[in-house]
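You will see two complexes here that share subunit A, one where it goes with subunit B and one where it goes with subunit C.
Moving on to the complex of A and B:
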């Protein structure tokens, strides 16, 4: 499996994991009714990819504009999975996208970065009201 | 003193660090596994703190969104309320305008008999003056006196007849105008009241030659709001003159009253004018719906009729029409208007 693509809906985020290119993105908004049903397959695919021995660089773009508490925990789990492979020597860059003026999302990003020591964390500002 | 939500977790970690020192001495082979456990607990505590912040942020956003929603809702309600007030004000001014038209009709109608009476009286005065002069000069002949008598009888008959006519008109108008202005409830003979109202509309009807035929049981007494009835009838007549018989189109109107049940009046107002399309028919009672915007149409005439029939007479009104087939309004309302409660 070289990619995982799930189109965004009103309540679930868009997922585009390009495993061949090492580029992972999550976009839109995330407050799924069935957290396990949505994140289960995402975690499975990610776990399978990270377990591969090829060890190429990984870019992860967190472009969610809104997420609920369960999704926040899911994100923290994903970040810990990335931190684990980064600690083992794989280059990982995490880009946390915030809409300009969304100060609280920026603070959350800084907060989430606290436990990342081996993953390179970047904050990127995107225009407000831009693409979901 | 400072409050710490996570004091218990920090206390547990402090204990774990103390334990780590004892473990180092007592069981060094367990140390690395133990440190991993403590690190996992530290991570979990930080995640917990993070989740609390995420949750608080979401609550704050929800609360902001609710306030915004409430603000917009009250804005929309205020806008609706002022729209209703504006609409009510226009309906009131339209009613006043039609009362004004009624007064103008009264003046015009009374002008004719009063004018005749004035010129007859003036003619009689002249003839009397001439007669007195002849008498003073001692030259008054028998034949001349007889001519004067004929003149006097003719003119006084005319004066009396026209003054009676004026007096009748005033009585009828007075009642209609008082009813219109006061909206008082009273008992009224419908057939006579229809006639009084039509008389006030004569100045509008006569020049165009459109007649209104009335068929109504002579003994039908209503306990209702005659001013409202009069307003309804005159709006229907004016509507027909403006639309059904626009541009000098010939034709007539009819008012037919019967009692489908002993307590219900059915009043039909029909014309054989040009009718209207189904699209217009469906919207005819909507406020501000008019086909004559900019040519004197306010779009309120039939809306007021509808409001008065439904709101005051506690009845119903329907309209049937087809292009070139005339229009028929049917009003159904109780003979005794039920009380306001």
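Moving on to the complex of A and C:
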């Protein structure tokens, strides 16, 4: 399996994990009615990819505009998986996209970044005006 | 008589600045629909994206608390898993600020722990809430809590004033719990 693509819905994020290119992206909004049901397959696919021996560099673009507290736990899980492989020497960059006036999302980025020692964390401002 | 009766209820809601009010069995589907209506209403009033998201975020966490923790619920499978939880949600504007009040039945045995959590949150300043969030983000959820702690912190974090809560004993087993948040 060299990619995982899940189209966004009103309350679940768009997932495009291009494993061959080492480029992972999440977009849209995340407040699923069944968090475990949504993120379970995402974790499985990611775990499978990270366990491969031929580990190249990974770029993860976090472009969510909104996520609820249960999704925050799920995201934390994903970043911990990335941190583990980064610690083992695989180059990982996490780009946290924030609309220019969204202080809440910026703060959340700082919260998540605090635990990342080996993953390179970048905050990137994007123009405001995505869907609210 | 009929119209008069309901007009009185509506007038009472209007006088309190209430934009939306729902009482009865809540579900994830209702959360989604009411949430959309709330965002559309705020967008029409030209609120900016981050403000809308802040209000929406408090609304989602409050609704999910009712759906998960109301002591009065029906669940089962009607083709798919369904969880219906009794409660009420009210959104309005007061002194230029949006407020969200949620109410639901809780078991009396759960009251002390919930009170303790809420009082702890109320005692924290902005930075305290922030570090508490960071700490809980890394914690495994408590047994049976399904992540409630982080949800309450998220609510306190987005609130512009300290959160307000109250309990009203209903009988020997249950109390009515109310949480008011201004954003």
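What to note about this one:
In this text, the second predicted complex is superposed on the first by the 129 of 132 C-alpha atoms of A that agree within 3 Å, B and C clash if a C-alpha of one lies under 4 Å from a C-alpha of the other, contacts with A are read in each partner's own complex, and residues count from 1 in each chain.
Please note the rule applied: contacts are C-beta pairs under 8 Å (C-beta built on N, C-alpha and C of every residue); 3 or more make two chains touch, one makes a residue touch a chain.
These numbers were taken from a predicted model, which means no experiment stands behind them.
In the model built by aligning both structures on subunit A, subunit B clashes with subunit C. Counting the residues of subunit A that each partner touches, subunit B and subunit C differ, and the larger count belongs to C.
Of the two partner chains placed around the shared chain by superposition, subunit C is the only one that A:10 touches, whereas subunit B remains out of contact. Shared-chain residue A:99: touches subunit C; no touch with subunit B. In the superposition on chain A, A:44 contacts neither subunit B nor subunit C.
Judged by the touch definition given at the top, the superposed model places A:128 against subunit C, while subunit B stays out of reach. In the overlay built on the shared chain, the residue A:111 is in contact with subunit B and with subunit C. For the contact definition in use here, the residues of subunit A common to its subunit B contact set and its subunit C contact set are 68-69, 72-73, 76, 104, 111-112, 114-115.
Residues of subunit C touching subunit A in their complex: 28-29, 31-32, 36, 39, 42-43, 48-50, 52-54, 56-57, 60-61, 64, 81, 130, 133-134, 137-138, 141, 146-147, 150-151, 153-154, 157-158.
Put simply, subunit A touches subunit C in their complex at residues 10-11, 31, 33-34, 65-66, 68-70, 72-73, 76, 99, 101-105, 107, 111-112, 114-115, 128-130, 132.
Listing the residues of subunit B that touch subunit A in their complex gives 43, 46-47, 50-51, 53-55, 57-58, 60. Interface of subunit A with subunit B (complex): residues 67-69, 72-73, 76, 80, 104, 108, 111-112, 114-115.
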